[in-house]
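Below you'll find a set of structures to go through.
Same chain, two partners: subunit A is paired with subunit B first, then with subunit C.
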Partner chain A sequence: MNIKVFLLALAFMYLGVPLLLGDNNYLIGMIASALIVAGIAVAWALLGNLGGMVSFGHAAFFGVGAYTSAILTMDYGVPVFVALVLGGIGASLSSIFMMPALRLRGPYFALAILAYAEIFKILATEATGLTGGGGGLLSIPSLPVFAGIDFGTKLGGYIVILNIVTLMVITYFFIRRSSYGLALKAMHDSELATRIVGVPATYLKIVMLVVSAFMTGAVGAFNAHYINFLEPDYAFSGTWTVFPIVAAIFGGYRTLSGPVIGALFIYLIDQLVFKNLLPQGHQLILGVMLTGMIVLSPSGLLPIITNLFTRTRGKQHA
Partner chain B sequence: MLKVKDLCVSFGGVRALQNVSFEVQQHEVLGLVGPNGAGKTTSFNVLSGIVKPTAGEVTYNGHDILKSSMHQRVTHGIGRTFQIPQPMHELTVRENLIVSQRFGRPDGKVKHQRIDEILKSVNLLHKAESDAATGLALTERKALEVAKALATEPTLLMLDEVLAGLETTSKKQFMETLKEIRKQYSLSMIVIEHDIETIMKLCDRVVVFNFGKVIADGDPEETFRNPEVVRSYTGEVHA
Partner chain C sequence: MKFLNLSGFIGCALGVALGVGFSGTAHSANFIIGEHTPLSGKLARVGTGSHRGIVTGIKVLNDMYKGKHTFELKTIDDESSPAKAVSAVEKLASEHVVAFSGGYASGVIGPASEAANKAHIPYITFGGVATALSQRGHEGFFRINSAAGYGKAVIGLVEEMGVKSISVVYSNKEATLKMAKYVEKKLTEDGLKISMHEYDSHVQDYKSIVNKIKLRDRPEAIVMIGYESEYVGILRAAKLLKPNVKAMIGVWSLATGKMAKEFPDLMENVYGTAMLPFPVTFTSPKQKLFYDAFKSNFEGEPSYLEQFGYVQTRLLGEAIVRANDKGQLNLKGISDELRKTDEETISGRVRFDEHGDNPEFVQRVGQHQKGKIPLVWPASAKTGEKVFPGTPWN
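And now, the complex of A and B:
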């Protein structure tokens, strides 16, 4: 996606969506939820694309970020926007415990991370004094009024999560185009080739894990203040891992905007169409769609859109 | 410069290297020869940090490099190539060298002029923007392998069968390129090679491996007259 298309898409998200749907809390809320998935999908794709680490444990970062932010605001009076950042930092710190898993590769890494995610869920359930245990945390402070804007509304929440996801995509862009990004991109398929020319592969993987955890934690923290409620089964639910993976792969996890496009498409079509068609088990259709996408276009949805766009422009010029 | 002393490597019950010792002096080209499975590539793998030895010492310019990680050894000045080229997939030829310079040089600086110079010296300048994994022929992939190592600005370059698989003309041209590179960058080299003619033309000295042991070390011409070497390396016995 070139910069013009990116800026147009951004302008539409910042101006078009609020102007067209600002009064429709249901749809705005739905798009905000899709952006939550998009945020995790970007963080997941960053780790997968740059460094070649397939994680099944992003729910852990999401949950830790959510609990960190909720506890800091409820018990220590930390302002919500500061707590969102601290939620990200909390998730980054939790990722340090996962570093031994970086010695593993491929499916072994994925499974080890999945196991770590389960440990954090158990901790959240057992540490009742801090997390409220299985009963969870109620009345988590909403997003505040800031500079005269009430971010506690559906539209306010949408703007906040849009800011978070935009910042994440921009960060991803700058990491990817740096020399670190080049090395990480090369590590995806040829780690030995990078190590042998001096790339400190393990160190770079650690940095990517910490960055990815921070991003996911910040999104989790946002979600806690957006829905004002947390309990371990929800905060550490496998949904926070599976949905973003499906979205990222569907959109094209090796591209910058693929995970966002994938998340918006998958989440909205699932909630607005498939759920009405098949109230029970509607996610089965997503599975079929993902399989079809992998067979037809393994690089995801974005290359299909780009090809269509190029062909249309080609016909216009002809 | 490089001192390898009593190096031992075991893979389970297999003793891949047994008390291997050799040295490489500054600006010297050392050939490692011997039959398949003799321990040549294992020696490279130990020197570059891929394999941990079970015993022995390796010093490079006085540093105990066995304590260094793989990427630290590169910044100490040790570069290597692989018999099967290992391009960095998804990057162009130039990007391969950018990453090598950025991370392989001690100061981490990327010098684009130097990259062009290296690409020119290995005849790859015209392919600089090609995809490293799919856009190169075998000779070019081998050249990229050397170029990547050169981009880290090594003082010791280890070449693992870099001429293997090339047809005669390409092999001759490539050998001339290696000679030029040696001169241009004042390199010491260790060369693993099966082709005796190449070894004779390129190397100042050879070390012969057999069954994980060094069985000879000396001037190439004299060494290849050594009956034990002939027996182990070629399978022939000279009267």
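And now, the complex of A and C:
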């Protein structure tokens, strides 16, 4: 996606969506929920695309970020926006425990990370004094009023998550463009070859894991203050791993904006269209669509859209 | 120009039609009640039961106020997910529902009722008994049951049985955990020997827990505090390992016709809380009103889920009409009217305290007996004698 299209899409998200749908809490809420998935999808794709690590455990970072932020605001009176950042830092710190798994590759790494997610869920369940145990935490503070704007409303929440996701995409863009990004891309193709030419592969993988965990944790923290509720089953639910992976692959996980487009597309089409067509069992249609997509375009939705644009332009030039 | 003429004509015609419409039904109103409930996902079974009760409540309200007011129900499946329940509440709020009736499980009701509170819409439920739900200071939060009512029933039954030792197997969810602690405290005060076994709601195999109870605790009875699929898992493990106990006692979601029909081999002699026996014999006019309305829409026999769904919806509907008559069809108006409720319903007496809880709520206990569920506790509500000692395996 070139910079003009990206800026146009961004302008639409910042201006068009609030102007067109600002009064409709339901639709704004839906788009915000889709952006939550998009945020995790970007973080997951960053780790997978640049770090070459397929993670099945991003729910762990999401949950740790959510609990860190919720506990800091409820028990220690930390301002919510500060807590969002600290939620990301908490998730980054939790990723330190996962670093031994970096010795593993492919499916072994994926399964090890999945196990970590389960461990964190059990810890959250058992640490009753801190997390409220299985019962969870109710009435988590909403996003606050800041500079005269009430971010606790649906529209306010939408703007906050849009900012978070935009910052994540920009960070991803700069990492990819940097010399580290080049080394990481080379590692993705052949780790051995890059090690031979002196690339500190393990160090770069650690950095990518920490960055990806921070991003996911910040999104988890946002979600806690957006929905005002947490329990271990919900915070560490496999949905926070599976759905973003599906979204990233659907949109095109090797592209910058593919995970965001994928998340927006599959979440909104499932909840707004398929659920109306088939109130119970709408996931079936989504499953069929995803299968079809992967068979027809393994690289995702974004290459199809790009091809369509290119063809249209080609015809116009002809 | 032609277009302008045509649009002007249509505008006038619509204006006249609307004017006639309003003047003809000056005092009538159509009240839309919103419902989010789990019709799919892990809570689908209980959500469906609750939904059928709410539909029955809407039917009875429409019959009651025929020619004056109408009630409409808008339902969204929350897929047993807190986030989707919040979305459902927001969507229904944007469609101008006047109140919510529904929800199941405290973890879903919590955020959903929070969203309803933000939208200034009252919310009534029976699906979550977590204490924290009613302690948030929400003006419009009401529930017709309470954890204490279930706890009193279990304790009453155990005391009547005269057993000296109990093992409590419970899920680590807030409602079940608190109920387990309540039962532990009360029965310890009674001098019983109690052993506690907490499990994660994702546990699929309960054999290790049951084996520990069988070999180490050796209690006279087992109390299960969880949800449907968990009861089935515990009972399946117990039937296999056959601990030497005199009774298997559960709490909610167990003494239902569906469980009796779908798991007859596991349910025999098992106790669970229930408001009415199964199959139910409705004798009073209030009970007959509910039963006839239920049967006009649905097959099968109603369980306590349908009864609670019906009761909360009917009480809500009556409060809405009273608030409307006073020109106060808003959060405060409806909440004030609900707080004035004090009625003997088919689920017992209902009145609401300052937190929106029903302090009058006391459950009864039924026992699965050859496909039927007679009430066996308290003595005043008995429709049959309990089989004691009795378990599914002896």
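As a convention for this text, the second predicted complex is superposed on the first by the 317 of 318 C-alpha atoms of A that agree within 3 Å, B and C clash if a C-alpha of one lies under 4 Å from a C-alpha of the other, contacts with A are read in each partner's own complex, and residues count from 1 in each chain.
By definition in this document, a residue touches a chain if its C-beta (ideal position, glycine included) is under 8 Å from a C-beta of that chain, and two chains touch if they have at least 3 such contacts.
The shown structure was predicted, so the numbers you read here are calculated from the model rather than taken from an experiment.
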{"item": "Touch count on subunit A, higher of subunit B and subunit C", "value": "C"}
{"item": "First, second, both or neither for A:154, with subunit B first and subunit C second", "value": "second"}
{"item": "Subunit B versus subunit C as contact partner of A:73, first or second or both or neither", "value": "neither"}
{"item": "Partner chain in contact with A:216 - subunit B first, subunit C second, else both or neither", "value": "neither"}
{"item": "Partner chain in contact with A:122 - subunit B first, subunit C second, else both or neither", "value": "second"}
{"item": "Which superposed partner A:25 touches (first subunit B, second subunit C, both, neither)", "value": "second"}
{"item": "Partner chain(s) touched by A:196 [first = subunit B, second = subunit C, both, neither]", "value": "first"}
{"item": "First, second, both or neither for A:135, with subunit B first and subunit C second", "value": "second"}
{"item": "Subunit B and subunit C contact sites that coincide on subunit A, given as residue numbers", "value": "none"}
{"item": "Subunit A to subunit B touching residues, read off their complex", "value": "179, 182-183, 185-186, 188-190, 192-201"}
{"item": "Sites on subunit A touched by subunit C in the complex", "value": "24-26, 29-30, 33, 122, 125, 132-136, 138-139, 154, 227-229, 231, 233-234, 239, 271, 275, 279-281"}
{"item": "Touching residues on subunit B, where the partner in the complex is subunit A", "value": "48, 50, 69-71, 74-75, 79-80, 82, 86-91, 95-96, 98-100, 102-105, 110, 133, 148-149, 151-152"}
{"item": "Interface residues, subunit C side, partner subunit A - complex", "value": "39-40, 76-77, 81-84, 86-87, 90-91, 93-94, 106-107, 110-111, 114, 119, 130, 132-133, 136, 171-175, 177-178, 200-202"}
